[in-house]
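Sharing a structure below in structure tokens format, with a few things to ask.
Think of it as A, B, C, D, E and F in the order they're written, each chain with its own count starting at 1.
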Amino acid sequence: MKKAMKIFAGNCNRTLAQKICTYAGVKLGKCEILKFSNDNIKVRILESVRGKDVYIVQSSSPPVNEYFMELLIMIDAIKHAKADHITAVLPYYPYVRSDKKDEPRISITARLIADLLETAGADRVMTMNLHSSQICGFFRVPVDHLLAGRFLCDYYRKQGIDNCVVVAPDAGSAKRAGHYAINLGLPLAILDKRRDGDKEKPMIQHVIGDVKGKRALIFDDEIATGGSILETVKALESLGVTEIQACCVHGVLSGKAIERLKSSSLSKLVVTDTVDIPPGKKMKNMVVISVAQLFAKAILYSHNGTSMSGLFGQM
Amino acid sequence: MKKAMKIFAGNCNRTLAQKICTYAGVKLGKCEILKFSNDNIKVRILESVRGKDVYIVQSSSPPVNEYFMELLIMIDAIKHAKADHITAVLPYYPYVRSDKKDEPRISITARLIADLLETAGADRVMTMNLHSSQICGFFRVPVDHLLAGRFLCDYYRKQGIDNCVVVAPDAGSAKRAGHYAINLGLPLAILDKRRDGDKEKPMIQHVIGDVKGKRALIFDDEIATGGSILETVKALESLGVTEIQACCVHGVLSGKAIERLKSSSLSKLVVTDTVDIPPGKKMKNMVVISVAQLFAKAILYSHNGTSMSGLFGQM
Amino acid sequence: MKKAMKIFAGNCNRTLAQKICTYAGVKLGKCEILKFSNDNIKVRILESVRGKDVYIVQSSSPPVNEYFMELLIMIDAIKHAKADHITAVLPYYPYVRSDKKDEPRISITARLIADLLETAGADRVMTMNLHSSQICGFFRVPVDHLLAGRFLCDYYRKQGIDNCVVVAPDAGSAKRAGHYAINLGLPLAILDKRRDGDKEKPMIQHVIGDVKGKRALIFDDEIATGGSILETVKALESLGVTEIQACCVHGVLSGKAIERLKSSSLSKLVVTDTVDIPPGKKMKNMVVISVAQLFAKAILYSHNGTSMSGLFGQM
Amino acid sequence: MKKAMKIFAGNCNRTLAQKICTYAGVKLGKCEILKFSNDNIKVRILESVRGKDVYIVQSSSPPVNEYFMELLIMIDAIKHAKADHITAVLPYYPYVRSDKKDEPRISITARLIADLLETAGADRVMTMNLHSSQICGFFRVPVDHLLAGRFLCDYYRKQGIDNCVVVAPDAGSAKRAGHYAINLGLPLAILDKRRDGDKEKPMIQHVIGDVKGKRALIFDDEIATGGSILETVKALESLGVTEIQACCVHGVLSGKAIERLKSSSLSKLVVTDTVDIPPGKKMKNMVVISVAQLFAKAILYSHNGTSMSGLFGQM
Amino acid sequence: MKKAMKIFAGNCNRTLAQKICTYAGVKLGKCEILKFSNDNIKVRILESVRGKDVYIVQSSSPPVNEYFMELLIMIDAIKHAKADHITAVLPYYPYVRSDKKDEPRISITARLIADLLETAGADRVMTMNLHSSQICGFFRVPVDHLLAGRFLCDYYRKQGIDNCVVVAPDAGSAKRAGHYAINLGLPLAILDKRRDGDKEKPMIQHVIGDVKGKRALIFDDEIATGGSILETVKALESLGVTEIQACCVHGVLSGKAIERLKSSSLSKLVVTDTVDIPPGKKMKNMVVISVAQLFAKAILYSHNGTSMSGLFGQM
Amino acid sequence: MKKAMKIFAGNCNRTLAQKICTYAGVKLGKCEILKFSNDNIKVRILESVRGKDVYIVQSSSPPVNEYFMELLIMIDAIKHAKADHITAVLPYYPYVRSDKKDEPRISITARLIADLLETAGADRVMTMNLHSSQICGFFRVPVDHLLAGRFLCDYYRKQGIDNCVVVAPDAGSAKRAGHYAINLGLPLAILDKRRDGDKEKPMIQHVIGDVKGKRALIFDDEIATGGSILETVKALESLGVTEIQACCVHGVLSGKAIERLKSSSLSKLVVTDTVDIPPGKKMKNMVVISVAQLFAKAILYSHNGTSMSGLFGQM
């Protein structure tokens, strides 16, 4: 007797969307996303959504602005096609790092993204591991903020964490790293990056904490160019660690990231599939953990009005 | 004693923005638009805009969505930098042809664009020759809708229009063509395009009106792929015209447009510079008429609170 | 288990509303609309609407502003009486021709009407054959835009269309006329109206296309004063047509329209009942086709969440 | 160096608007208000308002809804013509008595009016003697609520108020009458109206207070049909008063009001010109006090940012 | 099959909330309201509200601002916990007397309260006996305005009202008192309070109407400091009444109210429990009539979509 | 020729407001803030603000909710008194620590505060050292986020920082502490707090970094109960530091903070006066650095449209 549910997907990460549908036990909704020769997007929703509870899955990866506009147009089309309720599902939130104004006259673009989603017609948003949890406060519509950290820790516990230390690549990420350290019952170390002058590159002076002779686990919310990870790896090498692994939720892996990571002494890289990892970005020692089941569960709970509390942990 | 004015420009058509500034007698505002390796845009406004009357010039051309997001981010940055008033100046309005819902479950994206501009913080919009003038009604903020038609007619009058006939490529554009015909005091002819069946290509059956032995002038608001112009040219050839010229405000010229137009018997193509025409898109018989002075005038009138009525005519 | 539906009607076209209810199989909701001696309207909704899915039918005819305010007050009363969802059903949309700003400092009143409906509390709008389909974009709430053209063509096909030609009264209506011509498989002709000077009356110079010896069918979205139709009829007479029929969706028939049409050589006038045709406005050769069943169907589909796509065609 | 001011007027009470302009020392702005044969209003603002501080004077009298829509369309036209600030000046506020919901499923139309004014684009509202002062709270934009009571008392003091008593026509108006009594230093009496049963007409049982041998002054915010005044006059006659005068701010005088008042023993009727009193509504013993100077003062104070406090008193 | 209902309560009047739940047959929802040492409130909703129809009961009594912020925070928490619909139930509305602007530059705080409730996320409001019924117009969301007057009259009719007169303490409350007089079929008297000069205390000059030898019943919407009641009692004593009773809906009883009332010759005080009466504020001759059943009924009707009309009368 | 400026102050920290006015060279605006016996606040603005650029200074300290409601009521009163522009100046932002949803069904109250300020009528917000800089993104109106860190460092540099180490009390504050360390050119150490079980008190296991024999400087954005500082002090004592100083922007000092700090081995406490420090909360070794001049400068820059960039640094 409940309103029917439909899940649609943009072009950004259809593999994940397809998996979510499989776990949720529904067919991915049919829609056509065209590109005119003048570079304008045209979206045709090919199934009736009148009165339905609709979920639209669209992650973020290059071309980021293209995919985001695609999502806005999909929401608009579905809203005016008289859907009852629209949830924008953004496994990796676009512009997630533009969450504060630390220079004059810049945009808090993560906030703008929130406003644009609401304007287009999103009644609710579902996303995963925001760079800062304050971003939830950028929305006037309710947000379901899923967290994958507990599941990544589960993976590590299975793999074994003897003699490990959690390493934060800089003071700014000490808080997040601390959560992982507590969950895994491991010690924490922090790299203290400084610049000598204003214009110089960041330089790692020394480590705060004890890493020598240990296996280092670096946790972050995302790995973009890999530059920061690489610096961290080099610093840790010189500090006498026995092995280095890195783990992040969002495998953005932009620019020369893969190249850099391949050439580093990183023994393993663990990521989820919030961002699609095309074959060209795969590495031998890369482990991809799917979050499809988590999203499927969240969508079903949301549709059925079931409490999600206790489902996703603290990080 | 008035509030100072600043003009900024996005990356889409900086040549036009620069010319507008020259005519307006102001320096183009300094800003930096970066692209991170993860494809996120970062905008840094490098001059104070606190309390200023700001104009942001951004046209639309591929990458369309990229440039539009760039504009939204610029508006957001400038709004939160406490500008007094922000006018988004869009010489060619993005998604201008997506102005109605002629299929089920599609987006009236030109309306969505309007909503997004208002959400980002545009207090007013200035644009030129919208595909349909109803689009002004998509905005809750006031719009200055400039029209270049009268100035294009001036060009033609100077060139000579003896023995000419204005040709509308199809019934849908008869109204616009009629305005040009009236302004130039020329007769009008209309091509009657039909499909034999649903899935076939458009096919021009016959002309409504008299073109034989005349010089045909085709007027349109934009030329995109050139497909429609090409069909019209071919039809007119077979109908015995002595010469064919085409004129449009927005030289979108996407896909194979230039290739097609070069290989056609078109003797001249007149466009404005609302859309930047890079060297690779130039043709021998192409005339580009600049609208920079019109925009400069409109911006100064807007800033000074001078009436623009009677400035721009009917088309 | 679904929310109950109620249909109410304002005073503008209660006959149509009553017919819609009959087709929909529901009783017209009871409400009282009073006028105080000071000309203020008072609306009393006489049935509970708490938690209901409510449809309010109100067309537009003189006194136009009176009826529109009546509709706004009904929406307000029903909203604050805690209806779950309100759809304003406007068979003929008020101020539909004020859809663009073709003179300085005028109002796009069709857009203002949209804003006022949303402000009063309309969650959705249902209307028929808008003068321009862009008007749908004036709304932030979803619009169901019904189109009666296909049903009018059905009528003509039944009557016989041998030797007919579709005539557009001017270039501006060539597009709409073209749709009818295509649907009926008939040729198209266009009258080319021009003014000699600024202040003169419109004057029809000549026809574009072939009408001699044919039966002319004039299609339009509405007939208001009949002035344009009359001119067209006179022009066609002088061009040697054998018979002239006119057909429009909205029989506004204001001012001296009926008088004029009666005295013309029009052999038949086909209208729908979106606007009530009181006995005094009836003519011998007038055919009124009811749209009640179409609206009843649309309301039931809307209430039940059934797709309306494919129901109403292109014009 | 300040922004220029413009005053425009709708058709409702142009005499008052013209007087206000004279007192304010500005010319009434030129605009054209047309009515099409289909009863649609068209407003053309004939002077530039770009960047101006605009005041639009429109009162309320039959046809009330017509005049109110006219006002909304004027506001919309002026807003989109880029006025800097728009103040709607409503000497008599429409639907002012519909200020509460004392029956189920009715509209608080005075609140709807407020919302519609804001939606059309009014940045501020100026009005006079609202039926209840809570109506100011219906607006999100600031309201200048002028009060004419003190000036009416000034008139009475000049005329002489020996042996007078202020009479409230019923318990509901005792509060307002009390304010006048205090200002004039006069005693107060209240008529106690009751119905014997539900369906019967109101019946005045008796007076609360002392009126015998006195001159009765009845004060009210408005006189509509005159029914209530007439009943009061009759009751006072039977209670032995020596003379009866009535005074109100808004001379609505609808329906048979003038007829009734003429045939009554009322010795004088004092009204203001917030509502236009056409010659046919004038009576011998009617005194019309103009509020034009008050409004002119308020508009100048508003334009110049001068405090209005202390200008208008308590009633 | 309907959405489940939940009732939560703030700290202001949990006794009433608990009683409402008992009458409604539901358990009071679990939530934790903490106060940090820095005086910040923290609300933890301890039951899932996802997709539920939620009612939050919070009255108003000192600390008024504390309790109101508590309510706003509860609404916010419940909204972002994805409740389907939130009704703020305010048995006694905060700042209810700040409903007009009778001095320059003050706030119509009752309107601000309405705006703040809507901003926090209230979809509907339920309240009782507002000081002026216009306050309903302060809301854009629908309001259920319950009235307890009829039930208080029922109480008096049971107690016997022989030889009684209803007394309004001043002209301003004559209207409300009149309603009670009519419902009870009793005569009405009004005390005429005046000040001799601007700065003096109010002074009761004389009574309008007949009270000598009668039992006086004073009705009001609320009793705050008791000052006004006390003055009225004293005046009535000197006018020869045989007994004085007072009755109000909201027993605010602030400042020295209880002290004053105890020392007066008031023979009985009747109040409801919209405001909690702690033991320290109880008096021997005080009767507290619970409105819990009324609210329970209203909540159930609201949840079930049942009409409330005819349930609550006129005062 | 510019609009005049006015500064008003609520009751929370009038000393600071008074100092700001002195630095800004303007007189503090007159207003009266009353409390009725029923605990309702009444604000009377005693100077005209019509057309003015108004700044309202209100910090946050117990009673927090009282002061915040006071601010909202002041904004509302000033908005409806027709101020041109209102800036809410919040030296210490209320509920600043409620900036994320780290438990199910709680409120991001810092975001709610932003919404309420905008609803009341704040056009802009000025505040200092938000707990997380993302809070700026909670606002749709522009925010001037002042930072006092650079000025606190200036103080320390003057005092001498030989042999000092900056200590972060936990991983979560490592980022902020890192900024201070960089500005002062000092090393950084972090205390690693962990709980043994879920319900136990936080327990400091060990320090990350080198503190032995050094002078420890603890920097934080605020000190509330002092509990965290105390633990840190104790831990540092056991780690062999030679001296401990603490410095924070906001001296909230709630609960037993002063008692605790007095009994600790802290040699100095540096705070600013964003929160008023009453005599009872002063300690011998407390240094209060006034931010009045910073705010005065920011207000003048804001009023004059002068760029603030480069004024306040990074922390």
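Here, contacts are C-beta pairs under 8 Å (C-beta built on N, C-alpha and C of every residue); 3 or more make two chains touch, one makes a residue touch a chain.
Treat the numbers as computed from the prediction; the structure is a model and nothing was measured.
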item: Smallest count of steps, each to a touching chain, taking chain A to chain D; value: 2
item: Third chains touching both chain B and chain A; value: C, F
item: Mean-CA-position distance for chain D and chain C (Å); value: 39
item: Distance between the centres, which are taken as Cα means, of chain F and chain B, whole angstrom; value: 51
item: Distance from chain F to chain A - Cα centre to Cα centre, in angstrom; value: 32
item: Overlap residues in chain A, where contacts from two or more other chains coincide; value: 1, 48, 80-81, 101, 104-105, 108, 115, 307-309
item: Touch relationships between chains, expressed as pairs; value: A-B, A-C, A-E, A-F, B-C, B-D, B-F, C-D, C-E, D-E, D-F, E-F
item: Of all residues in chain A, those that touch chain C in their complex; value: 1, 3, 48, 50-52, 79-82, 84
item: Residue ranges of chain B in contact with chain C within the complex; value: 99-102, 104-105, 108, 110-111, 115, 132-138, 140, 145, 168, 170-172, 174-175, 177-178, 182, 187-190, 192, 194-195, 208-209, 307-310, 314
item: Interface residues, chain C side, partner chain A - complex; value: 1, 124, 142-144, 301-302, 304-309
item: Sites on chain C touched by chain D in the complex; value: 36-46, 48-49, 61-66, 68-70, 72-74, 76-78, 80-81, 94-95, 97-98, 101, 103-109, 112, 115-116, 118-120, 224-225, 252, 254-257
